[in-house]
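There are two complexes below, and they share chain A, which is joined by chain B in the first and by chain C in the second.
Let's turn to the complex of A and B:
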């Protein structure tokens, strides 16, 4: 059990100061902008909640938010089951384990704009490996700069390529922590593969899977660089996700007020969903502690 | 048993295809790339790499990136160690709230912070320094470091601390001599993650620099000239950004799975 000790605050202080410097001051700047109108030259006019109302009512925001939720939903629904399946099929020990793990982690270590550029090159219709194969070998008409469906498929495939390994590694870490005796007991009971998965492997993976889903939610919901480099939000607005739209408003049009209001709404949504995950995670922890 | 291994093999092939394409393209001449499709480089050239290694505006991009990434890793791990210890060993007023607040910073979209960060770091006179990027990346790396380290420290029985105190060790002595060596895998994994997330993040790094600390990512936009993209050069620059990640991951290869699980298995 942990001991009560208020002096522990001194240990936390450096972290608190550094993160607060980076989090609270910029956040206050954003809050400032969100309630004012500016015409440059440091001239500011009080606007109250006008920007918030305008953003919440604007069709553009609704569309971007809808695309963002669709994107995150597709990512989670594809990457989580796929990641679990791959982790289940991986060898548990031997020479190939570190080789697999290193190769699988490689995509996650590539800078995000390089990931975008790499997939852009990969998908070029006539000279990219993917684009050439689809267009000239399989005879599918594929051009992501023209066709919104192709653009979506490419973005989703890119993210699956980039981040499925995170789910694989987390599930795998959960799987290897299961003692061999559990499997032997299941074998004696004549348990099917499905019931081994349902009653031994899945419960053991529950904690790490919660982390995986939480991380995948946060990162896919905040994704900016990769789709921006890959499609630039096009064709049209079809792949303009929330953060791309935000940067367009803030830096493209320099509408700081609406952009700041949008940032805060955006952050609030991420926070709300993540908080739900976090409380769920903690409740699971309490439940498992109770069982012990 | 054998049939099952098809799945990871197919998956790894899928992962390697775009990387292969990038590497293959980096050895092609621009003319060959634009002329049409070829699976292997026809006229093998290292011209793009020569350009990168001889042109200071290119290779300084890599040096700058490595400098601020290393700086960030050191800062993050050093301040996160005592904090993670406090979270894993003690209860104190507002500990749960503070821990959650730290995690929320991992959730803030970098796009939200880009402009205010620019203003903040210009105001304190750090704009276009390596320190600015290193400090800015602390926003998401410190919470992550605290989270991972707390997971690893939670696995160390509290009896270790108590025995050390009974034996007459002072706290700093105990922490450095006994506690740190027991969780050195955790420290390694944490450093790896800080390195990784600082290395791949580019939006803030680009926003906070102009010339002196310009990261490689910003340098890469040079390839988009009026004559169109110099794809070979872009591919070579991209290939070289994979190398540092591949090197650091080699050191933590036996702890990757546990590390990604934040030490919580």
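Let's turn to the complex of A and C:
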């Protein structure tokens, strides 16, 4: 006997159609392109897995992938602890709460290309406020257009400025959801600030931190616009991250086959690392559920 | 559809994936609950998780073979099938 109303599935249909059009169909097209050589006038020639073999053995791909992992690693080890620290320092009640929240949200409201353009002008060695101050006031030799280290410092700082707020807001949401009774119990037990953080705040923030780390991983691993506008991948290839290299191959050289193969490898890496992060961070919960 | 540049091998791959998803949906309707269990990886997995892991693992087996050894791909195909069976039996 049918006891449940299944009509709710119809409400999911628009989402399914949307996902089909903006994700599944383009993804299938990329898979098709990755095994063929493309010429103008919609001419395609079967190549098999040649492009995959070529990309996987290319030094250019290895270098871009290395830079991408380094970028994401630096972003995560800076933004996550910094975001937690800022969230801990923010007031929990009173007049300053909305002020802090609005200030924290502001960088995220700025479009990515605008952030890149802003930081480009800000960091220019002769006319930018940051570049001019470092070079002519503090006497530090800084030129992100010539020096790879300066370019890296600039793109990392830009991303930290733009996206630490996300970690802050998510951590803050986790912190304010902790009932006051936990803090009172800790106070009675004479727990230190570190113990309160380690045994109360951190475990209670675990779920939101998982989301924050996953979002920051995926965003930083797929980042394109900001570094492209800021450094254009230079000087040389020093800030050419995977997505910038991919666009160069796809749109600069119009090598759609190798670009499609590279996108699929890129996608497989993002998928695996995201799955690993998610599974490892939830392992304890899953195990507990499994033993029930 | 010509802009999607379909080929028979890629079409078969997608037919395989979608058929597997449909099959899992039918099994889920008949036996709800996802057949959750703790496998050798010490994580709780459902049928869907096992399908995801087996496809992702197979992709990596092929990519690793292509990157380190190259054509032909009979051995990674065999390894992929073994990984598939392993995932559904033990993971």
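The definition used in the following text is that the second predicted complex is superposed on the first by the 269 of 292 C-alpha atoms of A that agree within 3 Å, B and C clash if a C-alpha of one lies under 4 Å from a C-alpha of the other, contacts with A are read in each partner's own complex, and residues count from 1 in each chain.
Note that in this section a contact is a pair of C-beta atoms (placed from the backbone, for glycine too) under 8 Å apart; a residue touches a chain by one contact, two chains touch by 3 or more.
Not measured: the values here are computed from a predicted model.
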Partner chain in contact with A:201 - chain B first, chain C second, else both or neither: neither
First (chain B), second (chain C), both or neither touched by A:68: neither
Partner chain in contact with A:247 - chain B first, chain C second, else both or neither: first
First (chain B), second (chain C), both or neither touched by A:53: second
Which superposed partner A:231 touches (first chain B, second chain C, both, neither): neither
Which of chain B and chain C A:35 touches, first, second, both or neither: second
Which of chain B and chain C A:113 touches, first, second, both or neither: first
Touched partner set for A:102, first chain B, second chain C, both or neither: first
Which of chain B and chain C A:211 touches, first, second, both or neither: first
Common interface positions of chain A, toward chain B and toward chain C: 25, 29, 271, 275
Residue ranges of chain A in contact with chain C within the complex: 25, 28-29, 31-33, 35-36, 38, 42, 44, 46, 49, 52-53, 56-57, 265, 268, 271-272, 275, 279, 283, 286-287, 289-291
Chain B to chain A touching residues, read off their complex: 4-8, 11-12, 14-22, 25, 33-34, 36-37, 39, 75, 79-80, 82-83, 85-93, 95, 98, 100, 102-117, 119-120, 135-136, 138-139, 142-143, 146, 196, 199-203, 216-217, 220, 231, 234-235, 238, 241-242, 245-246, 248-250, 253-254, 256-258, 260-262, 264-265
Chain C residues within the chain A interface of the complex: 2-7, 9-10, 13-14, 36-38, 42-44, 52, 56, 59-60, 62-63, 66-67, 70-71, 73
In the complex with chain B, residue positions of chain A that touch it: 2-9, 11-12, 14-16, 18-19, 21-23, 25-27, 29-30, 85-86, 89-91, 98, 100-114, 117-119, 121-122, 126-130, 132, 136, 161, 164-166, 168-170, 172-174, 176-177, 207-208, 211, 218, 221-222, 224-225, 242-243, 246-247, 250-251, 256, 259, 263, 266-267, 270-271, 274-275, 278
